[in-house]
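Both of the next two complexes hold chain A, though its partner changes from chain B to chain C.
Moving on, here comes the complex of A and B:
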């Protein structure tokens, strides 16, 4: 008959055996998460509730409560406007990128000689569409579509869109090519996604007399809803770190200002993250609902 | 119908031709059985793709053409794409301004070491999440997703303090150490890719190896990792490219001394014109424009060459990895 401590030891041994290997494999990540993610997150939240001043040998914290968050909307006359403008741009950019990626990947998915060359071409921007090279191209004004100036589209946009929004539309159009450069990964995801639709479905539909046009709307598009949602999410996340994002620049500027400092900058970053998070949650909710309604794949 | 006999003959000939086997064959070639089979559809696809590809690659062409222009060509509005005189001066200037060999070595060192480590660690983590028994697996997966979503700006200041306490700033280890602990650049994405990949593998392989008495480590390194070759290649290349191009993190952690190419490109304006120091606006300066484009070209050249050699495996690898399941 085993006593209680013995039983406990056996249970511990069992758990160790069961979880030991898995924990060993996860160990680097768990340590890394604690040191490089969890502590910084907590610290940054702590900072955002304080006024942080740099003194020799460390920081000096003064408790402010939610003052920083309040200031971001009430006192700061740049941040809310930039946030709104950026979200307007994002709402324009995400559909542009995803629809462009969908169309191009539909074309690239066809069988034709030289397909590999074109696939490589459209993936090329992923190699350098991040970071400094991209913003260098932005500042030099490369990347607008040539017919924008040639046909003088600005008044047309102004007439149909009107008001403040026209400015945003023009800004997005002015660098549309570089924005499209963000669609390399999305194109790949779509192409890989199309491979999962079985060709026999197309064959069956064709025998039933459906035109290619119909088979696109009735089969390809519904089957790629999960990939569209994946791409929308990926695009939103990717655009967080868009190199010319005004919000991020504002946060960085505030970090090194004496009167605002790290505390305020952290608060701004958290507000920004909050907005993005809400947006992501909305998109996820929307897509999962539409998928459930159609009875598509989970 | 009182038509001329030759019209009648021509009509007869036309109808007989239209129904002949030859004509059917032509029609087959032009239009195809499917929409995408025919020659006509192929032409349309080629033309569409070529136009879009031209628009798409225009900034790259702009970069190369600007790089080869002299200053007078740059200021001359009548010179658009093809420079009057091809000059290599911009490239040599950029080469010197970037201190290319040293910066290239730094960048390559960071990108290579970190991406190799990332492949190893992320695949291990992904494998554990996919196949091994780990307590609170759901919670951990959610946390992995969270690390993917948190913008770096939120945690950059505490990270800076932590790195400076550990004495890692301005060294290679400021990127290598987080990579070793699974928190490298976009590490969460790679973990999820590997998790997806390992989940799609049949479990019978592992069972067979376990029956033969293989230990977990042996099972992983001898069977699972070699199996994941295509996923490893994809992750390695993505990680390499992202480390190569990253700008925000090194601008905080590697500001002086051990600087990669992207930081030097940012500082190039100051190196070229020390007199303009501090007045750095977003207005582009036509005198240094060509040199900057040359520098940008020098930066993207090595990954471009690598991609040219590996693109075939890369793209099929992505299709096969099942990232999208």
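Moving on, here comes the complex of A and C:
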């Protein structure tokens, strides 16, 4: 009789201990996260509902409700347009970057002399893609490619794509260099991912008579689905928090304007965030479903 | 040299095509680096050539000389900025790696309360551009009195969602059977973490080290917002203020070019240090 509750108590203790260990390992991160990420984000949510004015000795908050959010769409004549344009570009650029990275990393995964050097070269741009150097290069016009103007590609694109989309396509073409530069981390993630596929599997299918083409579709691609999803998410996030992007620039400009102020800028940031959130949720949903269908691997 | 040459001669046509392709692409990608290096050594008259020239004709060290002289005449010497940067970067790197690997390990392999909540919080906070929370962050830093301390540089970078996000993906690929085996052999939680998870996730750790290093090394936000004393600011801030002060200034362009190279070099070194580990195969590490 008494052994059953005893067992239950022991089980509860065991679980508590297990859970406790997990939480203990998490603790430093959680504290850091709360203080420097969660609280500031919450604060900016609070600010987005207010008109924030700087007065001597601190800030003055005036309750506005959702007025800031309404203004963003109804009064601001820059923000919605920039948001939509950037979104169009994104939807084109993300697949290009990820597919490009996948191809390059597949090739870099081959055996050939000096691949070590090439791997390093492809990652190098990431190093200076952050910060000063990049903006310097862009202002000097190193970011766009001359053949676009030289061969007058624009009418051709307009003819085949048409309408508003043609503008987006041109913008993306103009950023080919940026795409090349931005795939460094993704290539790295893919290469690291390929290492988790054991060579003996390839050997086995080769003995069974599969061509390299088949072994790519049947082994490499399915095994790298988690890494593709990781890369898609990483690329989206990377592009959206890219400091030179027009939407973020607009938000920053508004932050220091007297008539709009920090409250309005926070509201813009939250709208922007909402859009990214929807996009990421879609992507994550798609990938987790395809992974569940495949079964097995988490 | 000889075996290399022999290998080249025995390369298959496919490999030849691959190498040619990659050489072309790699040359294209390395243009900016070549530019930065050459730019820093150009004498004044070559800096303003039109059309601009990629390669330097008469390399000179004059640019660096001017930069150091300018810095030593200022109220805070150049070495002080360098020292600050080095301290901040090394401490941040170590603490970010330890904290995020610990967090990612339990997120990937343990069950505990609020795990789902934490995972979704990480993904959510990834999407938030750091610029937009800078003012609340300042208020928090000010509130706990971290202004003008090294901790003010380090702590904001500590809870890095990107690092945890990447590590969780990587660590969950490590088979649980390995950990199970270690547990049966009598390893504790800390033992498994230190003796198995850390060594096995070295490629991922190297990746996040590179990313963190770049982020911290080039970061001017903490110096601008949280540090009011000039002596606590970092090299990136100094170079940045130098550059923005010289936007339309002819005389300072050579200093800007030299400073650009100086800020770039450590990134390159860190990358070369870590990339071998990143790219090294995990075949022998016992996975599968």
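Note that the second predicted complex is superposed on the first by the 252 of 298 C-alpha atoms of A that agree within 3 Å, B and C clash if a C-alpha of one lies under 4 Å from a C-alpha of the other, contacts with A are read in each partner's own complex, and residues count from 1 in each chain.
Just so we're on the same page, a contact is a pair of C-beta atoms (placed from the backbone, for glycine too) under 8 Å apart; a residue touches a chain by one contact, two chains touch by 3 or more.
A quick note: this is a predicted structure, and the numbers were derived from the prediction, not measured.
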Report task. Pick one for A:251: touches chain B only (first), chain C only (second), both, or neither. Result -> both
Requested in this report: May I ask you to decide whether A:276 touches chain B, chain C, both, or neither, giving the answer as first, second, both or neither?
Outcome: both
Report task. Scan A:191 for contacts with chain B and chain C and give back first, second, both or neither. Result -> both
Query raised in the report: Of the partners chain B and chain C, which touch A:240 in the superposed model: first, second, both, neither?
Result: both
Query raised in the report: If you stack the two complexes on chain A, which partner ends up touching A:212: first (chain B), second (chain C), both, or neither?
Result: first
Query raised in the report: Which partner does A:284 contact after superposing on A: first (chain B), second (chain C), both, neither?
Result: second
Query raised in the report: Hey, what residues of chain A end up touching chain B and chain C alike?
Result: 18-19, 21-23, 25-26, 28-33, 35-37, 39-41, 43-44, 47, 104, 107-108, 110-112, 114, 116, 118-128, 130-133, 136-137, 140, 142, 180-181, 188-189, 191-192, 195-196, 227, 230, 237, 240-241, 243, 248, 251-252, 255, 262, 265-266, 269, 272-273, 276-277, 280
Requested in this report: Can you check the complex and tell me which residues of chain C touch chain A?
Outcome: 4, 7-8, 11, 15, 18-19, 21-22, 25-26, 28-33, 35-36, 52, 99-100, 102-103, 105-107, 110-113, 115, 118, 121, 123-133, 135-137, 139-140, 144, 155-156, 158-159, 161-162, 164-166, 169-170, 172-173, 189, 193, 203-204, 207, 210-211, 214-215, 218, 236, 239-240, 243, 260, 263-264, 267-268, 271-272, 275, 278-279, 281-283, 287-288
Report summary line: Seen from chain A, its contact residues with chain C in the complex are 18-23, 25-26, 28-33, 35-41, 43-44, 47, 104, 107-108, 110-114, 116-128, 130-133, 136-137, 140, 142, 180-181, 185, 188-189, 191-192, 195-196, 198-199, 226-227, 230, 233-234, 237, 240-241, 243, 248, 251-252, 255, 262, 265-266, 269, 272-273, 276-277, 280, 284, 298
Report summary line: Given the complex, residues on chain A that touch chain B span 18-19, 21-26, 28-33, 35-37, 39-41, 43-44, 47, 104, 107-108, 110-112, 114, 116, 118-128, 130-133, 136-137, 139-143, 145-146, 177-178, 180-181, 188-189, 191-193, 195-196, 206, 212, 227, 230, 237, 240-241, 243, 248, 251-252, 255, 262, 265-266, 269-270, 272-273, 276-277, 280
Query raised in the report: Along chain B, where are the residues that touch chain A in the complex?
Result: 34-37, 41-42, 45-46, 48-49, 52-53, 55-60, 62-63, 66, 121, 124-125, 127-129, 132-135, 140, 143-144, 146-155, 157-159, 161-162, 178, 180-183, 191, 216, 220, 241-242, 245-248, 262-263, 265-266, 282-284, 289, 292-293, 296, 299-300, 303-304, 307, 311-312, 314-315, 318-319, 321-325
